[in-house]
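Look at the two complexes coming up: chain A is in both, with chain B in one and chain C in the other.
Coming up: the complex of A and B.
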């Protein structure tokens, strides 16, 4: 056994021992309890709703909600606002008067489960959710698996990394298909088919949009032509279209927001007079506002001087360029500081998850109340 | 003295700065973990948070929302996903809370696929839990995710319903009461973007605000990595800016102070950002210490080399 394998074995054994110990202290750790709510919604008469509302409220907002009691279980039910969860009448093919029922599961604190069990040991309204609990443990496992790379590369990290890559690729594929191709392309070309088969809530496109999508489809097919053994040059045409449109969009926006607006924002008075509510000049604020403007203008000029290579960096230009380097260094330092802050915030969020949701060491949101 | 010379010498015979220079980096990782986890445990047990002194950029965000008349329309773009929630969720929660408390009508949109789910979770945590009187479709609506990045932004300027033809429930935009008179994005007096990258606040400035700066104000919340790119836009193009978790903590403290009720403690979910400033403080002190140690080693080595 190699030294590294031994180290991993020791780390793993200590970790499991601590985990078992934590599980035996107090209320334990890492469980998710859920409460079942039965919801029943009866869709009202669409015509009546439309005439009564007269555009004041959407049909879905006036869908009546009633709480039903499940006869087969002892679950108590809570009235749930229909608009929050119920599908819209206008976007479904359900007839008026149709009754829809479903169950909602909301996470509750462990204490609520304990109290419910004490009151009625046979109750099934609040239960431990195995899927959510397993999900919680998997989240903790993968968090630790990623962190384990800090010690050394290892199979757990590789598994977590591969899963992230695989899931991300699949997710983006699904998003691209259902959020772009289906509603925008197929929805525009064959709206009736898409509406009846996959997206009942699809808003029918206008004629112009349909025509433009035919154009987009042709460009798309031309782009895919590069996969064929012959005629790969055809894909250059849609690429040229993309480059042209993107350049046009970007040039205008960059000139407006990053050149003109930024240049205008730099043209500031070097001496500023700040007045208070009574109209008197506030010397302290005026001093600092003036210093800020002087620093800003100096910084812009000096940084521009540093990147101005047509003149040798000697004399005044050289001095300005040197000051420009200082400004750039300070900027890089500030960027690094912000990056550190961001990364620590993300680390803190993961550590908080491990300590709070998984290990139940802390309860900052006063959720468990242990 | 070169590093190669030390390879042939006994470790105990090395100068102190060389021994420090050769410390296994995993000790630094462990120190960082302790620096972050220690304050989390301490704050988690005691519930104490650090005081915040809001800066100009954070105050501007608060004022921009505060000065809006009740029932004003606010467009809130969730341009991030759970990967950045540790940094951005606290500010999103506080932004929605202030808008809800001011009785503003909120329209949520997402240009990131998972932004829709993050917006939905925020709506649940803030609006449904603490402002149950607000009605979906009249006081707030989640329009969901729309693919297209900048194209969606440009389309919003000309035809809101075309950019977002339906909300996340599938309700057609034309049937949503609060959007009946909304034709284009410039009808929103305030645009809020909470962004983790592309597309995000920078693109909102470039494609929307630069065209409609006179008609609508823009405030943004962003991650630490993207904050330096956005500060040049403040205050002309971005009226207020929440930079990373620090900006979130400052803003959160202002919102909490403005909505404080005597004798009632602020709900813990509205203290997320301030809680995370504890680990920030200790971790930053560690970073500063490590940078100083690194510099001391550098200069000690240089001096020894010169001697």
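Coming up: the complex of A and C.
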């Protein structure tokens, strides 16, 4: 065993010993408690729903839905009737009037568990959640594994890094599937399936919408062609579509929101008169507001002069460009300060997670009554 | 043919999008193109996932150095995909109980939310938090107050950093009321509202002009570099 390996072994052993010791002090550490909620749902009469949906006003449908939703959150045991005026149900494998029930588990602070235990030691409504507790410990492990990179690249960091890649790729793929492909593409091409399995409120697609989605599907398949060993050039067609749409969208949106809007916002009065509540002019505030506007307008013009390369930066243009550089340096300094602050805020959040949620050493939210 | 057709696809799609912003009659066509764009972009995720799987499977079959990490990547990818696509542990929406997949993926207590809360959040936020150390280290090594520009950058960064923390308030809190504008928290606001706004505004105007120029070059077929193989 190398000297470095021995050092890490000793550090790891000390850390585990400290964790075990911490677990034996006070309320322990790193546990997640959940509260059970029983949900019972009664399926509506399909025939009645369909006839009601045909003639019912949409206002009453929304009122019924919101009523049943609020009922589901008001008590630990709830009975929810599916909305009587829900959108038309095309097919269901369950008979009308069937009752479905399941349990939902909401995370609660440890203080609630302690209070519930004091009131009734045999209660089972609030319990420790093993999956979430294991998740909490895994999250702590991942946090420490990534921070270990500050010392040197190591297997723990590489494991965490590999997980980030795998999980993130699948995460965004799933989000794209359920949020875009299912409602837009499958909703247009296989509306019956989507309506019965995912979205009963789906509005029947129009012919043009279906044609456009067939076009999208063809482009999508052509894009996936890139994965095959031959005919990779076919994927240039969907890429061309993406490039064209992006260019068309961005030209308009950037000119509208950046060029026009920003230029309009810079058209400010250089002499400002600020009045107080009594209607009298406040000289000091007026002076400062005027200076601010002059500095702002000057800054924008000088920065643009610096970006204007068609004229040599000499004389007046050169002077303006120089002032523009100063403004830009101040902007970069402010951006740097903000970036550092953002990262430090994230770091503080991770440290708080370790010390509060995991080790239970601090209790800023008074979740454990410390 | 391999270059002409894609170029015309880009031109037609781009002009259709632009027209839809100016001609009310073409609005629906623009929306249709936008929907197709969103779907193709979502399918691009499948391409990305496929490419990732292909690369790691090749690494695995060759037994390259560090192939064990490819197993972890592939394993976590497949498990997350399986849980997310099948909505494991997600109950139907109480308003539509007959639709088995009507429940939201974000439902508390589901396997998907477990992955998000205990894997994605700690992993990604710690990765970004790690940058705090590297940014500070790089700044310490690179920033030297050698000239006016560097001094302006450094001073502004300090004003913004201190002005937005309790330390800044403590440091200059004793300034009398008539000099309250010089307190770090007020200086920070002034820098952000005037100097930073001016600089950012000019940058945004420059970007907008650049985007418009590049977009028009693509839509008129002048810039074909995106097709690959040079500017021909």
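Rule of thumb we're sticking to: the second predicted complex is superposed on the first by the 255 of 370 C-alpha atoms of A that agree within 3 Å, B and C clash if a C-alpha of one lies under 4 Å from a C-alpha of the other, contacts with A are read in each partner's own complex, and residues count from 1 in each chain.
Keep in mind that, in the parts below, a residue touches a chain if its C-beta (ideal position, glycine included) is under 8 Å from a C-beta of that chain, and two chains touch if they have at least 3 such contacts.
A quick note: this is a predicted structure, and the numbers were derived from the prediction, not measured.
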Requested in this report: Could you look at A:2 and tell me whether it touches chain B, chain C, both or neither (first, second, both, neither)?
Outcome: neither
Report task. Check whether A:278 is in contact with chain B, with chain C, with both or with neither, and answer first, second, both or neither. Result -> neither
Query raised in the report: Looking at the overlay, what does A:355 touch: chain B (first), chain C (second), both, or neither?
Result: first
Requested in this report: Scan A:243 for contacts with chain B and chain C and give back first, second, both or neither.
Outcome: second
Report task. Determine, under the contact definition given at the top, whether A:180 touches first (chain B), second (chain C), both, or neither. Result -> both
Query raised in the report: Does chain B (first) or chain C (second) touch A:364, or do both, or does neither?
Result: first
Report summary line: Counting residues of chain A touched by each of chain B and chain C, the higher count belongs to C
Query - Partner chain(s) touched by A:203 [first = chain B, second = chain C, both, neither] - result: first
Query raised in the report: Between chain B (first) and chain C (second), which does A:262 come into contact with in this model arrangement: first, second, both, or neither?
Result: both
Query raised in the report: Does the superposition put A:142 against chain B (first), chain C (second), both, or neither?
Result: second
Query raised in the report: Can you list the residues of chain A that meet both chain B and chain C?
Result: 83, 150, 171, 175-176, 179-180, 184, 200-201, 249, 254, 258, 262, 265, 331, 334-335, 338-341, 343-344, 346-347, 349-350
Report summary line: The residues of chain A that touch chain B in their complex are 55-61, 81, 83-84, 87-88, 90-91, 150-151, 171, 175-176, 179-180, 184, 200-201, 203, 249, 253-254, 256-258, 261-262, 264-265, 331, 334-335, 338-352, 355-356, 361-366
Query raised in the report: Which residues of chain B touch chain A in their complex?
Result: 26, 29, 32-33, 36-37, 40-41, 43-45, 47, 83-87, 113, 128, 132, 135-138, 145-147, 150, 154, 165-166, 169-173, 175-177, 180, 205-207, 209-211, 213, 223-225, 227-228, 232-233, 236-237, 243-246, 268-269, 271, 275-276, 279-280, 283-284, 287
